[in-house]
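By letter and in written order, the chains are A, B, C and D; residue numbering begins at 1 in each of them.
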Amino acid sequence: MEISKNFKPIVSVCGSKTISKEIYKISEELGSLLAENGYIVACGGLTGVMEAAAKGAFLKNGIVVGILPTATKESANPYISIPIPTGMGESRNVILVSMADVVVTISGASGTLSEIALAWKMGKKIISLSNTGGWSAKLAGTSIDNTRNDKILNAHSSQEVIKLIKSIYQ
Amino acid sequence: MEISKNFKPIVSVCGSKTISKEIYKISEELGSLLAENGYIVACGGLTGVMEAAAKGAFLKNGIVVGILPTATKESANPYISIPIPTGMGESRNVILVSMADVVVTISGASGTLSEIALAWKMGKKIISLSNTGGWSAKLAGTSIDNTRNDKILNAHSSQEVIKLIKSIYQ
Amino acid sequence: MEISKNFKPIVSVCGSKTISKEIYKISEELGSLLAENGYIVACGGLTGVMEAAAKGAFLKNGIVVGILPTATKESANPYISIPIPTGMGESRNVILVSMADVVVTISGASGTLSEIALAWKMGKKIISLSNTGGWSAKLAGTSIDNTRNDKILNAHSSQEVIKLIKSIYQ
Amino acid sequence: MEISKNFKPIVSVCGSKTISKEIYKISEELGSLLAENGYIVACGGLTGVMEAAAKGAFLKNGIVVGILPTATKESANPYISIPIPTGMGESRNVILVSMADVVVTISGASGTLSEIALAWKMGKKIISLSNTGGWSAKLAGTSIDNTRNDKILNAHSSQEVIKLIKSIYQ
């Protein structure tokens, strides 16, 4: 019997913890589509974009990993299927990015910016929803520095995110 | 619609990276039983006890989380369904314990000893298979220090581990 | 006898690992001035801005802490007086920022951007030398997000950095 | 001009956070001797052995690095000259050990046990004061596992610790 390392791709969704209803809806839709397409969703496990993406995936029976900054799992939003309390504070951002095959960003304040920067440094594919404001809007379509030849991919909808991921993993 | 935080219990299995065939068999059996009983299995993602427990769970279609010390997932054994490359070296031991509802140890050298000590400090329930040698044999049935009133639970078989976990989560 | 927590302020200097001679000179000058003014200098311990700032401080008999991504200290540049090999890869950026009273940035690629973002999130004072290019030039004088009322302070010389730090710690 | 990496040896002192006056005195004496002999002292930065060793070294004008589990430095005891708030909880134990040239343990509960185990795994020299109880007494003179040929060095006084360190760094 042969087992090969056919890990399902993990998509880490990063974004603001305080968001509008509209951004919540986009994030939830993205979570749904990711789960429907068989991707594992990872996020920071808390509120805002993290919760919305988790909810979308969870309600489609997807696996949702929450990389929590806290030492216990009580901080997780209700849609996390695998809570991972790290007790490491902001360092959990590094893990959330490090475990990702693709990093998708929605809106985003300083925490998300740190994740975009780290993802770039680690050579991860990054897709930013440029219609959601924040650092996603500012950085979509740009390069963080000249160590890579590619750019942060610019998506305008959840559907386009899925298309872009499929084009990477075709 | 109500979603409650009914996380499936996560059982982190810790043990030596170099083991005998007999210990491999016990570890694999434990992985199988954990998956059959609906627990999520977590481990350090590498060889030895980590691989055997992962294999047992994976072949029963269980979810197996591998908390890797490396920055990329290539180091994971072939039975990890969710590889989490942390790039944090030995600090990944802290996460493996922190995410656990129950920590089970099999045999064990210095790495496992660090995990037992950390699990004790974090107030985690620990079950050690005392018939597998190493630090599991040395510490099963004992207290690490006087900050807790309980002891490391002493199990003699995979079946007994499952019974003990069920008695904790009844 | 009374001892009060009169820690000397720690200034973490962040910047690119590959830099021009001009940027090296500015970084070294900054390190010298920081040491002469009694500040502890911290950096990532490697090359480029990290080395130059360390050199400047070290040659003025300053204390230079190097927060290294590696597990051993051999990677430290020769001007680190206290090497701290973390074995944590990119997560060491979090520590470098977390330990700082003030974060100063010079030029800067993705790693520096992650440090600026994290410093902002942690409420740290940030001073960027806007005449050194990279993310320092892009972000000096701006706000990372609307969770704070202040801005990244814009300095045009090492001397101005010292003045700004003194105005914070007057 | 040549600068060589002549780092001063760093001695990380690990031990219980709640200790008797007698153990406090031993720890403080050790700190004094370490500073007098030119070693940098590192510790977890909090109370008990950490405070006593820091006090001894600090009052002899030694450099005392405190690797704190908290995200801010307010938790540091008053004798820490370089506080390093990591915000990483128990993972700071890994850094405290990783940065050490020699690890010295005094008494010790579960946290110290984790540090002994990690130090062993990282190949660090470990010296335990066997007359101070706790895990230091239990493990002095023993091997943690068979991956190393040496043993945890057994010291009976602060003076003997210094002699042992000097024999390592002669």
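Side notes on the structure shown:
Note that a residue touches a chain if its C-beta (ideal position, glycine included) is under 8 Å from a C-beta of that chain, and two chains touch if they have at least 3 such contacts.
Keep in mind the model is a prediction, meaning the values are calculated, not measured.
Counting every residue number used by either copy at the chain A-chain B contact, over half are found in both chains. Placing every chain at the mean of its C-alpha atoms, the farthest one from chain B is found to be C.
C-beta contact counts were set side by side for B-C and B-D; B-D has more. Look at where the CA atoms of chain B average out and do the same for chain D: the two points lie 29 Å apart. Chain B and chain C have Cα centroids lying 40 Å from one another. Residue positions 71, 87-91, 94-95, 98, 122 of chain B are each in touch with at least two other chains.
Chain-to-chain contact here is organised exhaustively, every possible pair of chains being in touch. Touching chain B in their complex are the following residues of chain D: 88-91, 93-95, 98, 109-111, 113-114, 116-118, 120-122, 134, 144-147.
Within the complex, the chain C residues that touch chain B are 71, 87-91. Against chain B, in their complex, chain A makes its touches with residues 3-5, 7-8, 10, 40, 55, 58, 63, 65, 71, 73, 76, 78-88, 94-95, 98-99, 122.
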